[in-house]
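So that we are looking at the same thing, I have put the structure below in structure tokens.
A, B and C label the chains in the order they appear, each numbered from 1.
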Amino acid sequence: MDIDPLLEITGLTKNFGGVVALAQVDLRVMPGQIASLIGPNGAGKTTLFNCVTGLMAPTTGKISFQQQDIFGTSAHQVAMNGIARTFQNIRLFSEMTVLDNVRIGCHTQSRGYLWAAISRNRAYREEELQITTDAQELLQFVNLENFATQIAGNLSYGDQRRLEIARALATNPKLLLLDEPAAGMNPQETNDLIALIRSIRERNITVFLIEHDMKLVMRISEWITVLNYGQKISQGPPEVVQSDPRVIEAYLGQSAGSNH
Amino acid sequence: MISMSSILSSRSGLILFFLCLVPLATAYLDQGDYLLRICSTAYLYMLLALGLNVVTGFTGLLDLGYVGFYLIGGYTAGLLMARLGWSYWAALPVAAIHGGLWGLLRGAPTLRLTGDYFAIVTFGFSELLFRIVKNEEWLIGGPNGFVNDIPAPTLFGYELWQYWQQYYHILILLILTLLVVYRLHNSRIGRAWQAISQDEEAAQTMGINLHEYKSLAFAISAAIGAIGGAFFAQFQVNISAGVFEFWESILILCMIVLGGIGTLKGALIGAAILGSLGEVLRISLSWMRLPADSRYLIFGAILVMMMRFRPAGILRSTQKSP
Amino acid sequence: MTLFLEQIVNGLVLGGIYALIAVGYTMVYGVIQLINFAHGEIFMFGAYFTFLCLAVLKFPLWLAVLASILLCALMGVVIDLIAYRPLRNAPRLSALITAIGISLILQNLARMIWGAEPRRDLANAKSAFLSQTVIIPGGAQLSYLDLSIIILAILLMVGLNRLISLTRIGKAMRACAQDKMAASLMGIDTNRVIGATFAIGSALGAVAGIMVGMRETIEPTMGYYKGVAAFAAAVLGGIGNITGAMLGGVVLGIAEVLGAGYISSGYRVAISYILMILVIVFRPAGLLGRASAKRA
């Protein structure tokens, strides 16, 4: 392979007391890809995102982003490096306006500090203008431009999910991690989401998503990694993963388990 | 330079205009000086409420010892002026910086911990300071922790000791503080604080350095408290430990709760009401033959009732979404 | 040597009292993650209720003590019911501020009803038996009251430990402390468990209040001063950790008496603040704490 992976995880392990949430996971995301991470509930998918984004300290392993070691880097530094994410249970700044949510995302893109903010000098005013323009552009991108002045917590569920994506995009990431972006969406919204994810990729942003909606995953992913009980059990293009007996067993096992 | 019209909407400008006229009106009243003193005290509380609001309102951390910085500012300026003969204009910024440094130090151990620990440390810190100024006579000077004979500030050779001068003095300090806090609140820094107060982890994934932005809030809030203390020192001429008891912190907290935590208008209105009501209560309570301290019962009731029925302050009825 | 021994014994008595109050803070924190600032005031009311029963209702001492303990338990439950429960889903700051408010109300209510001056009524009402002293080995004098405080504190602590580890309600409390959501899914009525926690904590606080009333004086600020120290003891032991609170109480009691004796009596109250801050700086989970102090 000629190109270097954008994100490369080797031997990643995360323990919670006695629970092994991730066990020696190896995984790669190539630049420009739309890649997916799937697996039954409790497989460790969200934990993997948390470890990559610095919200949790991994137990052992190696995480590199653009050939740079980011293991144990603090969350804000990870964001500065170019990894953005959304959350499985939406975590917007729900008492702030829609526009301000996205403007906070522009934090990584701006410098203005104490003196600039107090004196409101020219550089500061230009930067604020730039932030607002960028934020409005992103709201347009996710079709929320008409909601800019609303309180984020009052948006509908699907709109909140898209706002969270806009907020993440505002950090100007190279890699976007989406944790179950289609959860709770109706088929129409899901279709729109697929289009949105594809247009994100067109902005030269690599997308790595966790999703339970198998139709969606199979339609847009170029590469899929499967976790079960914290272990990687399969990986490959959709066709390969779909017919992998271990994957089928993992999913069957889950539905059998949840029935009793 | 700063253009006032850009900061203050016309209504605020009008209010300011009338506030500037107050001393002209009181000059014709019998009790004019007394009224000016009440106004100045209310402005001082408004300044303190703005400062407390930076931490408790903007970043959402409960500060139970804000009076500690008031104390640091008061004693720093008081000692520099009364013992070392410093000019007020030199003592004021030094007091502010001194306060700000302690704000940083006080917050540092709690940066990695949950908000509850912040509340505990703030409480312990201010109580400790209170004990120190009560006990350390060598440090504070006279008996019973008094710093007395703090000279009046001078400006162009004039001593600023009259009530109308003090009135303008604190009004200017208040407006400058309001300007700084308002601009910070509506900036990238203010947005970062707001994000932190709503969801620390989500804020971090936006690239916001929690430790840095919390520390910034700690320092600014503390510096404002210390500025209030420095003003207070020359306003009172004598300062003693008794002013800086725990309940004073609670009073200031009560002000921002009453007006609505996290908003500048709320801090100002809450402080204006309770800051001037304090005097009214003192008089009316003694008239009802109740101890002056029983006004704290009312403050307690305000805290409980506001949190239960009007968490966003007396002005806003909107219930915050959880 | 005798003096030192006497101080150690004094510290133990004080420590026992702190431990009794501290478990109230720590139990409530364990189940609802709230620093119940009003707990110190319940402790204070424990003393005043006893005084009230003795002076006004002319109850015999044992009945006055019992009535006061029950009243305080009820008071704890009612405070939770009307003040804290409506805020369970509100931001943390709201409940904390409410707790401060309740504490202010209760303290000033006591001041309005009974006045600010310290009362010796309880100290005078204790039976002649309790005022006698024994000489313990080493030459130190120990009053029967202090002796019974130590013994009673130990008995109550052992009893509480049994209650928490063996009874149904104790197990339910531990379940709630671990994960309230899971506990309620398992059919535990979490509101009842929280109520029980307030009742037990408040009852123990009342016992401590009566002890202090007999040993020293009753005054409206006693809840504030002793409450803060006991809270420091809870932090010392690791807030949320019951055994820790007991240990913290004893450590603090001894530290306070020795500090006042050998350093400066002006800093007697400050010792608890200093220890509390030191623990938070160097060992935030407390002497015995869980790692819960760290953010997840």
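What we mean here is this: contacts are C-beta pairs under 8 Å (C-beta built on N, C-alpha and C of every residue); 3 or more make two chains touch, one makes a residue touch a chain.
In this text, all values refer to a predicted model and were calculated from it rather than measured experimentally.
Of all chains shown, B has the CA centroid lying nearest to the centroid of every protein CA atom. Taking each chain's centre as the mean of its C-alpha atoms, the one that lies farthest from the centre of chain C is A. Chain centres here are Cα means. That of chain B falls 33 Å from that of chain C. Inter-chain centre distance (chain A to chain C, centres taken as mean C-alpha positions): 48 Å. Centroids of chain A and chain B (each the mean of its C-alpha atoms) stand 42 Å apart. Looking at chain B, residues 320 sit in touch with two or more other chains. Across the assembly, chain C contributes no residue that touches 2 or more other chains.
Interface residues of chain B, counted against chain A in their complex, comprise 180, 183-184, 187-192, 194-195, 198-199, 201-210, 216, 320-321. Remark: chain A residues 53-55, 74-76, 78-80, 84-85, 87, 91-96, 100, 103-105, 107-108, 110, 112-114, 116-118, 120, 124, 127-128, 131, 151, 153-154, 167-168, 171 touch chain B in the complex.
Residues 33, 35, 83, 86-87, 89-98, 100-109, 111-112, 116, 224, 228, 231-232, 235, 239, 264, 266-267, 269-270, 273-274, 276-277, 280-281, 284, 293-295 of chain C are the ones touching chain B in the complex.
On the side of chain B, the complex with chain C involves touching residues 56, 60, 62, 64, 109-110, 112-117, 119-121, 123-125, 127-128, 131-132, 134-135, 200, 246, 250, 253, 257, 261, 290-291, 293-294, 296-297, 299-304, 307-308, 311, 320, 322.
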